[in-house]
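There are structures below to look over.
Shared between the two complexes below is chain A, which pairs with chain B and chain C, respectively.
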Partner chain A sequence: MKEWIFTTDHKRVGILYLIGSMAAFAVAGIMALLIRAEQFNPGLGVASEPTQYNTWLYFHGAAMILGFLIPGLTGWAANYLIPLMIGAKDVAFPRLNALSVWLFWMGIVVALLTFVIPDPPDIMWTGYPPYSVKTAGNTAFYVFTVHLIGFSSILGAVNFITTIIYMRAPGMGWKQLNVFVWSLLTGLIIQLIFVPVLAAAVTLLLFDKYLGTHFFDASAGGDTLLYQNLFWFYSHPAVYVIFLPAMGLLFEIVSTMSKNRPFNYNALVAGMIGIVFISGEVWVHHLFTSGMPDWIRVAQMVTTLMISVPVGIMVMSLWGTIYKGSITYNTAMYYGASCFLLLLLGGLTGIPLAMAPLDLHIHGTSFVHAHFHFIMGIFAAFTVFGSVYFYFPKMTGKMCNETLGKLSFWLNFIGVNVTFWPLFYIGIAFGMPRRYYDYSRIPEATPYHHIATYGAIMVGLGITLMLVNWVYSAIKGPKAPENPWRSASLEWTHAVSPPPHGNFASPPTVSSDWTPYNYK
Partner chain B sequence: MNIGPALRILGAVVLTAVPAFASGGGAEIADPAAGWDELWKHFLIDVTLIGGVFGAVALYWLFKYRADNINQVGTGPTITRAQMFGWALIPAFIFMADDFYLAANGWTLWNTYRTVPKDALEVKVTGSMWQWNFEYANGVNSDVLKVQAGRPVVLRMTSDDVAHAFFLPKYRVTEDLMPGRITYLWFYPKEAGKTYVTCVQFCGASHADMSADVEALPAEQFNNWLASAGAKPAPDASGGQPAPAASGEQPGGASGKAL
Partner chain C sequence: MSAHATTGQHWDTSTAPLLVAVGCLLTVPLPFASYFQYHSLGMAVGFLGIGVPTLLAGISVWVKEGVNQKHDQFGYSQMALPIFITSEVLIFLGLFVSYWAVRLWAPLWPPAGSPHIGTTIPIIMTILLVTSSYTYHVAEGKLEEGDMGGFKSMLGLTMLLGFLFLGLSMFEYSHLIGEGFTPSSNIFGSAFYSITGFHAAHVLVGLCTFLAVLLPALNGKTNMDFVKCAGVYWHFVDIVWFFVVSQIYFW
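Then we have the complex of A and B:
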């Protein structure tokens, strides 16, 4: 116990991140089931009053993004994999690393206090004023959660950017990095630039609510739109902090399981760098209906559509990676393969949201829910789940149960489609609004909500089996061979499973023709 | 409101209702909602094509390139420098072309959405937790938005407390309301009929119940309503004169006058 609490070993820090983010996912997942139960029928159902529903939804959104996806990708995956992939003993600042994981855990604890404090936050994960200032709910807990997790991720970003730049194994050039290393580097650069903006925005919210300032109070010369701009100035880039590492993990799985190099590596890297540059010029697509000046709405419709260029190049590389591959299917690759389709579904349904005039009808509807769940809630989450299966032998030295893994994959994959396709449809056809516990005005949406709820139950079952499988296999699983997926990457070829403190028996060096994708 | 009937209604409106109102040759008002349905179709075709091609290729390759035996490795070609640029730049240009196609169409429709036709009925909307108030130029206040069929409506909107959003699913339009700012949207109720507005900016406990009826009435009925409703809260001085918004006292003239 003590050696875990005081650990500075990047792998243990990584596993602490994984446990924390899966805990956040589990609780937020239970909230999702409650949300779906409430929306099963119009009118008040399982919630005792509307504010309780709003609190569930607040926790669900905030915890899924701030507590699960970002820490899962830039905490667990980064910590566990980066030093191993680049052949380093540890990260550049191991103590800072320990501090960031504990800040993250404190953030999770503060978020969980939602369920015990009187008047918990009911402000959705976006926390827009004036409501977040006027509400009786404790907005401060939202602000502190963002502060703690934000600070944690700034430290993490500094740490990993330094690690990647300075601690690569002798001989390892920029074109020999794992795709995941590049994706994390670019994602963290975005994180480092934009998180302070979010921290500032929520701090001003705190001042407005508790210290009587008027930054967002129009009646005293402030501006409510200022918050929305600051919030999305961070939170749009944040989707790339999720998307880029998720793509990176996907490439690791898909390349290894196809025994094929990532197609057009240079263009792929250029695409990721392109996203860094474009990420800060598109936030107004979240404000298409917010009364922003028309010129900027049109301008950012164009910039938003242009995201399809770097993303499209990454997609070409992903597709090219399976071309003439030699694919074997384990549970990880089931998730990897499904991500091809999820990426298309989530990505292409973003196009009408990028088109300002089309957005005017769907901006506030469940179409948006379905869209971002497919790209973040499902695509990105599936890359995390797939990667846990993929690196399970590395982390535990044991094999995960494949039968149970595949069974729970199918429950999850079918379940998410059953859940979110109806939400697409009722968003367009009936204008089913977001964040509604009651939809008495739209009774024709009821059967679709029924289907969506059944789908969510399926996913709940799938996730439960998945977690049971992980815990059971970590304890009881059969011993794993050294390199079960026949990867060519350093973490598999040069380190035992699980790697000891310090990772490598002797520090690896690589030759100029080495790449992590030279399969033999 | 199912999209099928909505489409049919809109189609019927274009074919039949237009000549009925066209006495002055002035039925040229572009309807944003019809434009939305049209652009949505373009979008669906566009993504079904892209998604279909990429999805089919992915499924085919994922199936076709399964390993025959566990020791096999992939034989994906290594590419030359020229191919590297080709495989990046050619798709980039294709994606960009599609972006510009979508953006150009989007921009056109955007202008329709944001250019209020002349002679639109102007109504002041105030949102507050959790109700809508509609105020007409003659001082009438109402909690139902009554408008005149066949005449565009422009809403000037603000909020008394927190942010709300005015969403009219039937007319395919949304715009937020905030304290301290005035925003606007317009829509074109071509035919008489009933629908509703509902709030889509989270505003607290009763956000889900912040809805109001929207009724498009034939001109005469609308004007009678406006006049008689006005009698209750005192039709003050501003009642008749201000030209832009005060709707017709002359019931007959209004319907023929569509500009």
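Then we have the complex of A and C:
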């Protein structure tokens, strides 16, 4: 026990990240089920009062993004995999790494206090003023959750960027890195640059609410839209902090299971670097309806659509990777393969939202809600789940139960599609607004909400089964062979499962013709 | 460093990270919310009473392990600090952009009712901070020559200049608040106190870092990486001050 809570080892820190982020995911998932229950019929009143419903929305959004997706990808996956993939003993700053994970846990604690304190935060995960300043709710806890997890992210980014630059195994060139290493490096550069701006924005929000400043108070010379601009200046790039590492994990699964190198590696990496450059110039598409000169709308429409170029390159690489591959279909690959569809669905529905003339009409409808759930929520979550199955033998030394794994996969996969297809439709057909507590003005949407709620219940069952399977297999699973997927990457070829402190018996060196994808 | 009995392998541990993280939670979010959201001074003081010692204990364990080289030192601190400073630059940029946004769209600046803010104090503060950057540079030189006594006295002088800087800042604040100019007076007050206050907080962090260099140095222990990093951070805080002065006082 002492060797766990005081650990500075990157693998154990990684597991602590996984436990914390899955806990956040589970509670935020329950919030999602409550939200779906409330929306089952108009005016059902599952929430005792509308403010309680707002609290659910707050916790679902904040915990899913700040508590699950970002720490799951840049916390668990980065910690566990980066030093192993680049052949390092540990990260550059092991104690700083342990501080990152515990700061993240403290952020989760503050977020979970939502359920026990009077006047919990009720301001979504966006915290827009003026409501967040005027509400009786505890905006301070929202701000401090962002601060704690944000500071943890910045320290993590510093740590991993240093590790990747300076601690690669002797002989490992930039073109020999795993795709995940590249995706994480680019994602963390975005994180390093943009998280501080969010921290500044919420700090000013805190001052406005509690210390009487006027930054976002238009009646005293402030600017309400300033907050929205600062917030999305971080929060749109945050999508790429999630998307890039998710894409990297997907490539690890798909190439290994197809026994094929990532197609067009150089262009793929160039696409990731391209996203770093474009990601900071697109945030205004979140504000298309907030009032601005038309020329800004047009400019931001163009930059937003430009994002689809690097993303398109990555998707082509993905398809090229399975082309003529020898594909093994196991649970990890089920998740990997489902991501092909999720990427298309989420990506293509983003295009109309990038177009200002269309977006003015569908902004804030459940079409948007379904779009970003597919591309950011479900796609990224599925890559995390798929990689937990993929790295399960590495982390525990045991094999995960495939039958339960596939069963829970089908429940999750069918469930998310059943949930979000109707939401696409009612967003367009009836203009169903996002986030509504009661939709009695739009009774014709009711049957679609029924279907969506049934889908959510399926996902709930699937996730429960998945978590049960992980715990069961970690304890009772059969012993795993050393390299069950016949991967060529260092973490499988040079380290035992689970790896000891220091990772490798002797520090690995690689030759110039080595790549992590030289399958035999 | 005890070997694990059953598996024969040991796992590095440190109590410092968990102590610092719990200390942070108890020192800032909980007392702040107790006092400002729930108006309970007693609860806030209670959290601070547990939190501050926890945080200090964590930091002192951390520094102790650092100067004794107890852990794997990969020696990349001086490469990593500029990466961290990148994010610090962005947080200041976020504040300045907010300031520019409200200022450039304001019909009248400074808004009616703002007092005239003199430039004498900021000029003295600038001289103090620039001098302290120089004295720290001299201190580093002394340490490299192996002159421990010279290092300690120059470090002490640097800290004295830093404290004088903060003292002048407090003097200016109390003077302005005495004239009725507070963060809630108008948007200029909000921006003025937020930006100068945020910079002053960085000066304070820099001084605490120096204290963490000085205390082990009194026992003759130093870590060159730590000394260099503290210096780079201090120079960064110094450079930010030029932006604060030019944007707030001289524009």
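In this text, the second predicted complex is superposed on the first by the 519 of 520 C-alpha atoms of A that agree within 3 Å, B and C clash if a C-alpha of one lies under 4 Å from a C-alpha of the other, contacts with A are read in each partner's own complex, and residues count from 1 in each chain.
By our rule, contacts are C-beta pairs under 8 Å (C-beta built on N, C-alpha and C of every residue); 3 or more make two chains touch, one makes a residue touch a chain.
Because the structure is a prediction, the values reported are computed rather than measured.
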Chain A residues touched by each partner, larger count belonging to chain B or chain C: B
Chain B versus chain C as contact partner of A:Thr446, first or second or both or neither: neither
Partner chain in contact with A:Leu103 - chain B first, chain C second, else both or neither: second
Contacts of A:Phe194 with chain B and chain C, given as first, second, both or neither: second
Touching partner for A:Pro94 - first (chain B), second (chain C), both, neither: second
Contacts of A:Asn483 with chain B and chain C, given as first, second, both or neither: neither
Partner chain(s) touched by A:Asp223 [first = chain B, second = chain C, both, neither]: both
Which superposed partner A:Thr464 touches (first chain B, second chain C, both, neither): neither
Touching partner for A:Ala267 - first (chain B), second (chain C), both, neither: first
Intersection of the chain A residues that touch chain B with those that touch chain C: 222-223
Contacting residues of chain A [partner chain B, same complex]: 49-51, 54, 122-124, 126, 128-131, 134-135, 218-219, 222-225, 258-261, 263-264, 266-267, 270-271, 289-291, 294, 297-298, 301-302, 305-306, 308-309, 312-313, 315-316, 319-329, 337, 340-341, 344-345, 348-349, 351-352, 355-358, 360-361, 363-365, 428-431, 433-441, 444, 519-520
Chain A partner contacts - residues on chain C that touch it in the complex: 4, 7, 9-18, 20-22, 24-25, 28-29, 32-33, 36-38, 62, 65, 71-72, 74, 76-77, 79-80, 83-84, 86-88, 90-91, 93-95, 97-98, 101-102, 105-106, 111, 182-184, 186-191, 193-194
Complex interface listing, chain B residues touching chain A: 1-3, 32, 35-36, 39-40, 43, 46-47, 50-51, 54-55, 57-59, 61-62, 65-68, 70, 72-79, 84, 87-88, 91-92, 95-96, 98-99, 102-103, 106-107, 109-110, 112-114, 161-163, 165, 167, 169, 172-176, 178-181, 183, 196, 198-209, 211
Chain A to chain C touching residues, read off their complex: 2-3, 5-9, 12, 89-90, 92-96, 98-99, 101-103, 105-106, 109-110, 118-119, 138-141, 144, 147-148, 154-155, 157-159, 161-162, 165-167, 192-197, 199-201, 204, 207-208, 210-215, 220-223, 226, 229-230, 500-501
